[in-house]
Each structure stands twice: as structure tokens, then as C-alpha cells.
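Presented sequentially are two complexes of subunit A, the first with subunit B as partner and the second with subunit C.
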Partner chain A sequence: MVEDVNENTTVFPGEVIKDVKAVKGVTILGPGLKRNEDPPNTLRITRAGKLQFKPPNIYWVSHNHKRYIPKRGDLVVGIIVKKAGDSLRIDIGSGEYASLSMLAFEGATKKQKPDVQVGDVIYGKLLNAHREMEPELVCVDSYFKAGKMGPLSNDGFVFTVSLGLVHRLLDPENPILTALGKVFPYEIAVGMNGKVWVNGRNTKEVLTVLRCLETAELHDDKVIVELCRQSK
Partner chain B sequence: MKNITSNCERSFIIEALSRGKRIDGREIYDHRKVNFFFGREYGHVEAHLGDTKVLAQISSEVVVPSSERSTEGFLIFNIDISPMASPAYETGRLTKECIELTRIVERCFRESRVVETEGLCIVAGEKENNLLNLCYNFKVWSIRVDVHVLDHCGNYIDCACLAVSAALRHFRRPDIAISGDEVVIYDILDRPPVPLSLHHLPLCITCSFFDSGNLFAVDPSLEEESVMRGRLVLGVNVLKEICAIQHNGGVPLSKDQINRCAEIAFVKVQELTSLMDKGLAVIMLSVPNAAVKSTEARSNSWVRLPPRRVFSVFDGRVFNLALINSSKVVEACQVPCWLGTRTDDTSLGKALEDIRAQSFTEKGKAS
Partner chain C sequence: MMEEAKPIQLSKSILDMKFMKKTKERVQKEQEDAEGKAMYSNEITEEMKKSGNIIFTETSIFNCRNLVEGRLSFGGMNPEIEKLMTDDFTKKKQEVERKKETDISDEKMAQEYSTLVDTIGNKFSGKRNKNKRKFLKPSEDF
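Showing the complex of A and B:
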């Protein structure tokens, strides 16, 4: 039984949280938690990790995974596996390939389709992700604008990192990417699925980013920041 | 589900190799980190080559020999690449990769006569003229080697050979005694079991070729394997004998290139065999009945030397740890499971420090 949830308590599947805080009877649950029927007003942990609480009523478990489970609205990096008529099949690292319509690019029409090949890298958004259905990707937002989405350049490199590191990197307050950017310029697309695309001025710099993120898997943010400070 | 490599990975790996760099930070001639995990039973070895993991399990039984070779035992390989290794493989289907791996391992270990099969004969007897009972009273050992690729992160051929070699050396068959027509098989605890007699020990070294054969790297990772154009697998032993050779892919290789690969393989096989020697030296210190005393004797005369390498040997409950200095085992001890899961050398070294301090205080209390 977890009593105090304000700190970063380590929790395991099966544990129960009592005294759940709610606003007007509403509690917002993130990943790794399920509502308990009996006893009422308790939560059950389903994943091992650190329990987080954001006042007034948001709970989630921050954890690390290797396997990606698609979720609606996630921005992901994927690789085109197959071109089949008007739709593309994209490997996003989940159990099933995602589908992406050729018409879901900015400015694409029936006659004018985007120029993409098998093996190209795509940055897109998950429109649909249901347990029993094939995930569906789009490269436009609700105003039919691409924004940052679309095919990524063929220079650069794609690699896979753990989902825990992705969550860390996408935190706006995380210093890793900024610290690296102060040493040399580079482009990066971090997908929620753990795939990361990097491009830099030359091979050496891309490899440096790769090494840095590999180190970040096992070490604290401070280690990377310190390394960047030394190499300046 | 096939593993697809993106175009940018493809061009980047080749670009990096042409500058003498590899994406995982290795040099061109480097192998990934090799580690052996020995199980509680004899002949149970898990070899790790970086993230690639292969399990070899050896078992033995007494069988009737084949009628053509009535004085020879059997060495059987059963090799399996399951979907556990990678989602690219399916269950129950004999894939091209599985057949290739089986062929290479058999060529390496059976056709180069690693195990002395005549030595596996128990009762040879006289061949009777009666055609109906050819050799029913003959008895030989059948050594079965099960190989499972647990995790495929590139180059499982080298890893499988490492696992099989270590398992063959680790394996002990029960001792037997023959009195008249009767054969007695002793329990392992009653009589010390007998190792296999091995003539030599080959290991496979894989060299991969990229682009048009001008770029080259030893021990390709999964990403490199999907980009490479050709591969040369060399099965060599420490005596510089080539036992097996396999070349696939469409890259033509010149005689000089093959000779160069062989030279590299000779150096590599020395390194890998000495690593295996050290791992086996540790585990043989900690096997149940064999050499417990000598471990104690050693641990009483601990020498404080900088650890060269920490070997972790897992036998179910505890990790057996040992510090190695050049070729000698400096110390060996057992560590609870949770300590052993920290696999990097420095933290294991710390764990050893803790235990050393602990047992010193215990000794002080006892005296």
C-alpha cells in the first residue's frame, strides 16, 4: 500500500493507492494506473516505475519500456516499408505496421502525390490507435498544414532509444538537447515510439549525438551537460 | 514482420565506414563484448556477444550405435532460431538462416572432428554374423547439443560457436564402469563426472563486406548486417587451422582479401579462446563437488591487485564472481543475485569490495 504519493515513490504492479485526490469527483489517470472498484476511491498500479502526482488531480507512473504501444495523437518517426496503391505501410516499431494515406500529406491530391520511396523516413502523427485495429498515421494537422511533419531528409541517421529516454528528451525543461546544440548545430526528430532521426553537418557530429543519447540511457542529464561543457 | 532498414541508415553506415568509424563506436577490427554465463548443470552455457545471446545446452544418453559405425558415439546438433530472437522469424518453419547456421556449426564441430566419437563408445563387443541382431548389445554415448538463439542483434553465428565451444568444454558426462556384460552409470554426486575428450576447439569469426567489397568490418551488428553486401565466415582454431569457411553475398573476394581475413581470424580466435579459458577457470572452481576446497584456499590468501576483468557466472541463485589478473584467478566469491545484475565492471568491482570487507569483519568476529 502506498501512503505518500507526492514524492517519486517506486511502485510495482498490484500495489494499491488510497486517498485519491479528486476535483468534483474527477481524477485524471495517466499510463500505468487503473481504477479499483473494491475498495472504492482507490487506484491499482499496472506498471513498475515511479508514481507521479500533479496537483490537483493528475496521477501517472513514469516508467521505461522498450516496446512501443501506439497511442492516439503521438508524434512518431517511422520507416516506409511498402507502397501499396494510395497508401503506405510504415514501421513505427509497434506490433503492427501503421498505414499512411498518400493524400495525408500537405498539398497532395489524387494527381499530385508526394515523392516518397520505400526506406524513406517519415515524421507523422497517429490519427488512430486502437488495440484491435491497424494504427493510422497522418502528416497533416486538422487545418491540412504539415507543420514539422512529412518526409525527413535522407541524409542523417535513424536509431532506436528506450521510451523512457524519449520521455526525458521531450520534456521542455530537459537540458540534454540544448546543451548539445551549444556545441554544434544539428537537427533532430524524436518520435514517441523511440525512433530518433538525427542530421548534422558531418558524420562525426551525428555519431557524437548518437553516443550522447546512448550515454544518456544509463546516466543522469548532468553527465551529458558536463560532457558538453568540457568539449566546448 | 521483416526488419526494414531506412535509406538514410544505409547511406550513413557506409559513409561512416568509409571514414573508419562504426555506428556503435567500435573500431573496424573489434568484436563486441563477450560474456559467458554458466548454468548450474554441466554443459549449460549462455554466450553473449554484445546484445546477441545464444544458449547451448548439452545432454547425453546411452544409445545403440548405427550398424555402419558400431564403435562410434554420436554428436547431434539441434539448432533453433525462434521468434524470441527477432520478430523476423516464425515458429516451426525451417528458415534459410537456421539451415545455414546448422550447416556452419556442424562443419565446424562435427566434420572437423572436435569430439573424439570413438571415445564415446561404451561396449563395442563382437559383431555377430546373425543379420537380425546386428549390434543390439553395443552401447555408445550420444551427445546432443541444443542451440537456441535467444536474442538476435547481429552475428549470431560467432555467438553460437562461442556458446557451443564453451558448452563442450563445460560439459561432463556421468562416469561409467564395466564389469562383464554389465554397465554401471554412476550418479554425478557419487563419482566425479568425465569431460569430453576434445581434439581442438574452433570458433567462427565473421568478416562483413560493404559497398563493392572495399569496406570491411569484423563482427557486424544487426544494422550493419542489413546493409552489408557479403560475408565471410571463418571457422578457425588456436592452432591456425581453418575448419570451415562460408562466403555469402554477391561480393567477389580476392585471394589477398581472404588471406587477410584469415590472419585477422587467427588473432581473434586467440583472444576469444583465452577469454573462454578464464571464464571456464572460474566456473570450474565453483562446481559443486570438484574444487570447493581450492576456492577456499585461494580466498584465504587474497591478493590486492587491480582487477583486470570481472567475470560473472550465474548459477540460478547467486552470481559467482572472480577477479582475473592476466591468466590467473585472483579471487572468486559468490554474490547475491541482485548485486550480480549490475553487469558493468566497476559496479561489480564495488560489489566485490563490499563482500570482501564484510567477510573480513566476519572473520574477525569468529577469531
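Showing the complex of A and C:
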């Protein structure tokens, strides 16, 4: 049992955390944690990793993994695998395909549907993600605006990275993506599901981004930043 | 204003009118909610008692770690996205930079102060001061 919660304590599945901090009786759990039944008001670890706590009341276990478990509100990159009437099946790398309504695009109506084909890549938000239900994607926000979401251009290139790397890349403190951006222009869509879509001026630059992210999987941020600095 | 002061009950015949469709739906939902609340309020199960008084809500790691949205563009590749990025990406980046800056300046401040104390101290323990004779209080009996 872990009595006191220190940041970066290594934890294993089955361990119990006592003295859970809560604000107005609410505690927010990230991945790797479950509510424990007995004794009450404790947490049970479900994944091995480092226990993290962010004041005032957020707990999660950080660890690297490859399997994506859909979570509500995640922005993901998916590939259309099937068109069935008004809805699309999207491969987002989870156990089950997600469904995306043709009407969930900006400006789409029953008569005027978006022009998407099987094999197209989509950047969307998970509206619904429950263990027992099919995940549901949308490409509009609550104001029916597309914003950053929607179909991604066919010129790009899609590959899969580990989820640990995705979390690292999207950390505002991480310099990798900005450092690459200083070398050559490119656009990227990093999905929380580990799928990454990259587009650049030419194939060589797209592949450079791919290689950089593959290297970042095994190396420190500094290595990539140093490489970018040298190639400038 | 009126509605806040006292909820108006609309008669059934008014609600059945064609243009009152939306209001009718709302009123029905309110009624159902009230009924549901009354039904379940006195049904607190053993499981509820056992589970304690903290409510645990699950969220994605996106919110835990305060990550940025993954749709990004650099160097003017997609100006549309870069315009949208200012809301999220640029703001969070700036926040981090600011944090870093203040972190360094605090540390530097302490360092600077400690060296300042030394330099001021040197001023008083310099050559000139060492040679200067100290003032000795004259004894009373001379």
C-alpha cells in the first residue's frame, strides 16, 4: 500500500492509495486508476507506471503504451474504412471501429454531404467513448464549427507512434515540434490515439519528420533539437 | 424576469398548439426530471454507502497533463491552422516560457544578492579599512 503520494512514485497494479485529496468531494482520475470499493475513498492502481498528482485533485499513472483506449473528448486521427449509408466507420486504433455521422461535418446537410472516400484520413473529436459502446466521432464542436477538425489532405502521410511519445510531443514544454518547424515548414496532426498525419512541401521533408519522431521514440528531446540545429 | 420570480404553468391546451412544440418538450422534460428525483431520493443502496463520499470522475490524460491540441502547422504551411493555433498552442507555450523566466529570475535574484552582499562586504574589509585604526573609547580615568 502506498501511504503517502509522492510525485513519480513507481506503482504496480493492485496497489492501494490512501489519503486521496479531493476538492468539494470530487477527485479527477486519469488513466491507470480505479475507484477502490473497500476501504472507501481509496484508489486502486490498474497499470504499472509512475503515479502523478497535479494539485488540487488530479491523479494519474504515466507510462508508455501502444494500445489506445478511447476517452471522451480526445482529438484523434482516424482512417475511413467503410461507408455505410449516413455513417462512416473509422479506424482509430482502438479495439473497435468508431462511427462518424456524415452530418457531423461543418455545413453538412442531408442533401449536401461531405466528399469523403474510404481511405481518407479524418481528424475528429471523440464524442462518446464507453467501454461497452462503440466510440463516436464528430468533426464539429458544440457550435457546429469545424475549427481544426475535419478531413485531412490526401497529400499527407500517416504513421503510428507510441502513446507515450504523443503525450511527450503535445506537452507545451516539449521543443521537438517547434524545433522541426524552424528547419522547414510542415503541418502535422498528432492524434491522442497515436496516429500521426504529416504534410510538408515535399516527400523528403515529410520523411524527415517521420524519422525524427521515430528517433524521438528512443532518444531524448535534446538529441532531436541538436539535430535540427545542425541541419539549419 | 417573470419566469425567475414564479414559474408559469402553461395549460395543456396551449402546450398542444403547434408553435409551442419546443416549450412542450421542455416542460415535459422538467416534469420527468422532478418525478425521477422524487423516486430515487429515498433509495440509497448499500453500495452507495460503501463507496465513500468522494466522487471520482474519469478524464483523459489530455486534461491531466494540460497538453496542446495536436493539429499544428509550422512555417506557414497551413495559415488557416496557424491562425487557429493562437488560441491554444501559442497561449500554452507562452505560459510555459513565462514560468521558466520567472523561475530563472528568482534563482538569479538570490545569486545576485549573495554576490552583492560579498561586494559590499569587501568594501568594508578592504585595504584602506584594515589599516584604519579603530576608535577606542578613552578610559574614564586619565
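Methods note: the second predicted complex is superposed on the first by the 223 of 232 C-alpha atoms of A that agree within 3 Å, B and C clash if a C-alpha of one lies under 4 Å from a C-alpha of the other, contacts with A are read in each partner's own complex, and residues count from 1 in each chain.
To be clear about the criterion, contacts are C-beta pairs under 8 Å (C-beta built on N, C-alpha and C of every residue); 3 or more make two chains touch, one makes a residue touch a chain.
From a predicted model like this one, the values you see are computed outputs, not experimental measurements.
Chemist: Could you classify subunit B and subunit C on subunit A, in the superposed arrangement, as clash or fit?
Modeler: fit
Chemist: Considering only C-alpha centres, what angle arises at subunit A between the directions to subunit B and subunit C, nearest 10 degrees?
Modeler: With subunit A as the vertex, subunit B and subunit C sit 150 degrees apart.
Chemist: A:191 in the overlay: touching subunit B, subunit C, both, or neither? Say first, second, both or neither.
Modeler: In the superposition, A:191 touches subunit C alone.
Chemist: Contacts for A:154 in the overlay, against subunit B (first) and subunit C (second): which applies, first, second, both or neither?
Modeler: Only subunit B is touched by A:154; subunit C is not.
Chemist: One more residue to check, A:22. First (subunit B), second (subunit C), both or neither?
Modeler: second
Chemist: Once chain A of both complexes is superposed, is A:206 in touch with subunit B (first), subunit C (second), both, or neither?
Modeler: Touch status of A:206: first partner only.
Chemist: More subunit A residues touched by subunit B or by subunit C?
Modeler: The larger set of subunit A residues in touch belongs to C.
Chemist: Between subunit B (first) and subunit C (second), which, if any, makes contact with A:121: first, second, both or neither?
Modeler: Touch partner of A:121: subunit B, not subunit C.
Chemist: Measuring by CA atoms in the overlay, how small does the subunit B-subunit C distance get, in Å?
Modeler: Minimum over all C-alpha pairs: 17 Å.
Chemist: Of all the subunit A residues, which ones make contact with subunit B and with subunit C?
Modeler: Touching subunit B and subunit C on subunit A: no residues.
Chemist: Mind pulling up the subunit B residues that touch subunit A in the complex?
Modeler: 1-2, 4-12, 15-16, 19, 21, 23, 25
Chemist: Going by the contact rule at the top, pick out the subunit A residues touching subunit C in the complex.
Modeler: Answer in residue numbers: 20, 22, 25-31, 35, 37-43, 52, 54, 58, 60, 62, 71-75, 77, 123, 147-149, 166-167, 169-173, 177-178, 180-182, 184-192, 199-201.
Chemist: Enumerate the contact residues on subunit A facing subunit B in the complex.
Modeler: Touch list, subunit A to subunit B: 79, 81, 91, 97, 117-121, 152-159, 197, 203-204, 206-207, 210-211, 214.
Chemist: In the complex formed with subunit A, which residues of subunit C make contact?
Modeler: Within the complex, subunit C contacts subunit A at residues 50-78, 81, 84, 89, 92-93, 95-96.
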